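Got some structures for you, see below.
You will see two complexes here that share subunit A, one where it goes with subunit B and one where it goes with subunit C.
Right after this comes the complex of A and B.
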């Protein structure tokens, strides 16, 4: 550690404080405020001031509200299936394509498109294509003899429609991340295994998979945290329907707080949501903690 | 050097199958965007039909584009302007704050709270659900009389992008050798000078990458803008949502507006192609 870098205390805080202060003010303070509101009833349309109700809101969501329970189940199912499917497809594609081939850069650019698009544009374009009567996908399915699918009009199908769009949007990310991870693997190991007579399948299950498992866990957690915040696809494709079959937690919080203006209830459900995500966030953060990330100045 | 992992050396027939898989996956990935591009050149009546080939199956027109840039010109240009201003400025602020904080965490030692704890705490701010802060933000913006004002949207977008910006800049600076700055400091150069004239230029590629990534996130953001920029301060994503009317979804309109909103971030992502995965995996995977 060089003394020069350590000596100037003023400078190091002057560099760090603006960002810290901004986050305190714009991220922590609002969350504390939400917590204090969560013990109140404040229907802003009819009540000028919040009224203290203690744990009433938490009791309502955790014990009574069937809609919250449903939305939590739907969101969890959405995250579980989407992330597993993206991982599985990404893994198959990446293991097929890990060697160099012509036009790799072309394909890389194509696969970047879904994740660069505004999610709300993705949602509305799919809503258009999946229209039950005049959408292009049902027209094609009918032309090849499969018939129309009730993509957004059946409460049984609609949740899987959203999952399909999520898979469209994020499989390329999994694929490209895994491809990069594959290419970082030490080649000598494979040469040695090949000399020892291992076949491709063995190399994949005994060598590749164990080596990239840490990467798989990290990117799956990142993806799961993101998918848990599902909002745009619900908003754009189904509006939460039919019924509330595709209503995500984010969408429910949005409805309670910003559409019905029940600010107390909305704050409580925000915090429940936050705590659920915190579990995933801690898992992810602990992975980054174990990674070597030290101060570089010697 | 040819790297082959997973499934050993491939016969020509295997390579052909791989190529077919790639093409099919690319077609599936491109289809919605291509379909939107086609639909944006259709008349309203044609836009509800499954026709693909212009001139042969439908008569291409500029109807949707004229609607966007002539009939509802003011609205479109206002949204476009807001999108550009909000993304440009909010990413600039989060880059500046992020570079300063990232640099300090990479180069100085913090004693009371360890560098890593501070960095991870900042990173964890990235993970909480945006809806959790809607209510307090709404009350704050209402009190500051900033509802439907691009300043409110920018403040929120800075908060959204800052944690990632700090984290990735830390990652960049930590990868760069500190020798030159140290030498300069020993020669009597000030800390500020060392940062602005030595560290920043070396980290230029990282700065550009983080800026562009923040720009894309800000450009694409929808939830906060619908609430804090619903009309005057509306951006393109909110305008896209506006193509859903009581009559239903105007296919031609949602197509042209989506194409308009998709082009800038996709072009930026292409320039950033290698960094995008690094950024989205929070630096866990470096290409």
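Right after this comes the complex of A and C.
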């Protein structure tokens, strides 16, 4: 028996080890390495070796660097608005396309196209279309009598331009997940509610929404974490501008680490970024759990 | 018999020339070389690749990356030493980090070993660009400076000139003498159809889009208000730092005045100016949308391309140096000096070819580098025969071979004026050189970001300059003030 157990255990480990080794090599080691770098100054283009600075980098970002604070605020605003809008539009679309009507499959496919495009290609495509002077969108707006919009060159408009493109690209994800959730809802519940005299609105708010809440929270969490890493749209459409009005935290990390090659400071800001993301994710997950319990209690 | 002897002699001569080209030193061409290049220089590599391969038996792999990512690609190679490319075309403004950091080959031994075609033909500015601490660390390839372009059909129109004089009470000079004149001309020609093509034209256009080299548009103005031309010293032909204290000059009255001027100019520019990177500017300007433009030599090349770039201004452009200013701030006396003057500024400095220390095929890379930058081949790349390549004239011979330019699509008079404008700038011994110390990328990101803040109305000029100053001070201190000062003084030619 013991021999069988050992051999079973051995087999398990034999299967697990490659994956563990891969994880160690590709995820854990870089994390540890960047953590150790975050306590150093290493301007890698001119300094041959890192120099120990203790908590200096963290102190810089958390207490002194206004750009970091600004970028964090912008990113949070971007995540909040874009994910909410995507959820709302995705909900409406999923609700509509879960009904039975002719040609719904066509629309289902069409709505998925933006999500299938590579984000960087999306960014450059929109950059061309949104160009204030030669972009097709302003040409159309002018043709119908609306003036030119400073899509990417006004600090007041540019943040919302990025949000608009994000919503265009990622609403299909919300739509797809919610559509699946809608189709999995038990028909009998609705029949029973109908017999009890519930109207469409009541059924949606009292039945549909509570039932799909776990899906909503999960996809919101996934999208929020993804949106928090905003990079391609900033890089491709606005370059962080005008000024720093659309500079996301990821873009700032990129500048520090990949453009200026300040690897110590880049590692520190990456770690701060990671911790913020973890806290954010934990908060959402805990809310999800409490909401799930509430729903079950009902 | 004599005929046979002559043939034999000719064959032997051919072999000798071929052998002599590389000092009779054998180069291993069995392994392909990898060339890292960005658009539009790919045009040059694509042109010469098949010829070089056919002539030498070598093989070239091309890694094409967009301008925005060439820097990270290069630094990843420098840090990892993976040998991912053997030769790369990079901007001269990075030389402080690239050469100062010791990441590229000293090409002196290669020049000794293999020779270099026409070194005496290289203009002094281009030689300075590829030199670091007295060593040749790159192959010259491009002569870069901003210059003024103006529409002759507008600015030389007698009727418009009379109207201008009536409105402003004076007559501007051509080429335009100073930024005040630019402002007035831009206002005059802004927002009406002065070339009667049925479309509205604007006064002035320049690169203003963030993250696409807009800081050089601003530095064109800074150079005029911050210093006077002279043998480089702390107070002459110096615009970035106090060379003694290494304090940034970014909030000096000269910088602030320049910021106010460039902000003012945006009022007389196309509405989408802040979306003008270098590509958009060139495209817009040659399509005829503005009276004045500022750019490297590239607009001149695209001006000739009526099909590829849809130029509507062929033969209609005038060329000149950067406008000067009616005054400059003298930091010695801490007073404005009211005097018409002009300073040339070698923005960007030009592209150059470097061979990384970790390159695997250095000899072959050097051979390819000299092949594309030799006098005959480089002429075809700069004069328009190969279209728009992003390379501007940098050899003495480029300025003398007018016929080649005419073959490249230029009018004889146009190209003569164009080359004179560039040659005057490149030969100016007092031209301000670009910022070429370690951290240049970070320093310039700060200028770019806050300039854009000012142009888009988020910041006022004083705030913008103060923020740049704060950033520059911090960057300098973080990188080591003494070290940076040493590099900076060296870049000015000071001890």
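Operating definition for what follows: the second predicted complex is superposed on the first by the 272 of 298 C-alpha atoms of A that agree within 3 Å, B and C clash if a C-alpha of one lies under 4 Å from a C-alpha of the other, contacts with A are read in each partner's own complex, and residues count from 1 in each chain.
Going forward, contacts are C-beta pairs under 8 Å (C-beta built on N, C-alpha and C of every residue); 3 or more make two chains touch, one makes a residue touch a chain.
Computed from a predicted model, the values in this text were never measured in an experiment.
**Student:** On the A-aligned overlay, A:274 touches which partner chain: subunit B = first, subunit C = second, or both, or neither?
**Tutor:** After superposing on A, A:274 lies in contact with subunit B but is clear of subunit C.
**Student:** Is A:110 in contact with subunit B, with subunit C, with both, or with neither (first, second, both, neither)?
**Tutor:** first
**Student:** Can A:235 be said to touch subunit B (first), subunit C (second), both, or neither?
**Tutor:** Both partners, subunit B and subunit C.
**Student:** Kindly classify A:43 by the partners it touches after superposition: subunit B alone (first), subunit C alone (second), both, or neither?
**Tutor:** second
**Student:** With both structures fitted on chain A, tell me whether subunit B or subunit C touches more of subunit A's residues.
**Tutor:** The partner making contact with more of subunit A's residues is B.
**Student:** For A:194, select first, second, both or neither according to whether it touches subunit B, subunit C, the two together, or no partner.
**Tutor:** The answer is first: A:194 touches subunit B but not subunit C.
**Student:** Using the superposition on chain A described above, determine whether A:260 touches subunit B (first), subunit C (second), both, or neither.
**Tutor:** second
**Student:** Going by the contact rule set out at the top, does A:148 touch subunit B (first), subunit C (second), both, or neither?
**Tutor:** In the superposed model, A:148 contacts subunit C only, not subunit B.
**Student:** Could you tell me if A:23 is touching subunit B, subunit C, both of them or neither one (first, second, both, neither)?
**Tutor:** Touch partner of A:23: subunit B, not subunit C.
**Student:** Classify the contacts of A:70 with the two partner chains as first (subunit B alone), second (subunit C alone), both, or neither.
**Tutor:** Touch partners of A:70: none, neither subunit B nor subunit C.
**Student:** Check subunit A for residues that touch subunit B in one structure and subunit C in the other, and list them.
**Tutor:** 131, 134, 235, 258
**Student:** Touching subunit A in the complex: which residues of subunit C?
**Tutor:** Result: residues 68, 71-72, 75, 78-79, 97-98, 100-101, 103, 209-212, 270-275, 280, 283-284, 289, 438-439, 441-442, 445, 449-450, 452-453, 455-459, 478-479 of subunit C touch subunit A.
**Student:** Which bits of subunit A are touching subunit B when the two form their complex?
**Tutor:** Listed in rising order, the residues are 1-2, 4-6, 8, 11-13, 15-16, 18-20, 22-23, 26-27, 29-31, 33-34, 37, 93, 95-101, 105, 107-122, 124-129, 131, 134, 136, 139-140, 143, 168, 172-173, 176-177, 180-185, 187, 190, 194, 199-201, 203-204, 208, 215, 218-219, 222, 225, 228-229, 231-232, 235-236, 249-250, 253-254, 257-258, 263, 266-267, 270-271, 273-274, 277-278, 280-281, 284-285, 287-289, 291, 293-298.
**Student:** Could you please specify the touching residues of subunit A with respect to subunit C in the complex?
**Tutor:** Per the stated touch rule, the residues are 41, 43-46, 131-134, 138, 148, 150, 152-155, 235, 238-245, 255, 258-262.
**Student:** If we count contacts the way the header does, which residues on subunit B are in touch with subunit A in the complex?
**Tutor:** Against subunit A, subunit B makes touches at 2-8, 10, 15, 18-19, 21-22, 25-26, 28-30, 32-33, 35-36, 39, 48-50, 97-98, 100-101, 103-110, 115-116, 118-120, 122-125, 127-140, 155-156, 158-159, 162-163, 166, 170-171, 173-178, 182, 185-186, 191-192, 195, 216, 219-220, 222-223, 227, 236-237, 240-241, 243-244, 249, 251, 254-255, 257-258, 261-262, 265-266, 268-270, 273, 276-277, 280-282, 284-287.
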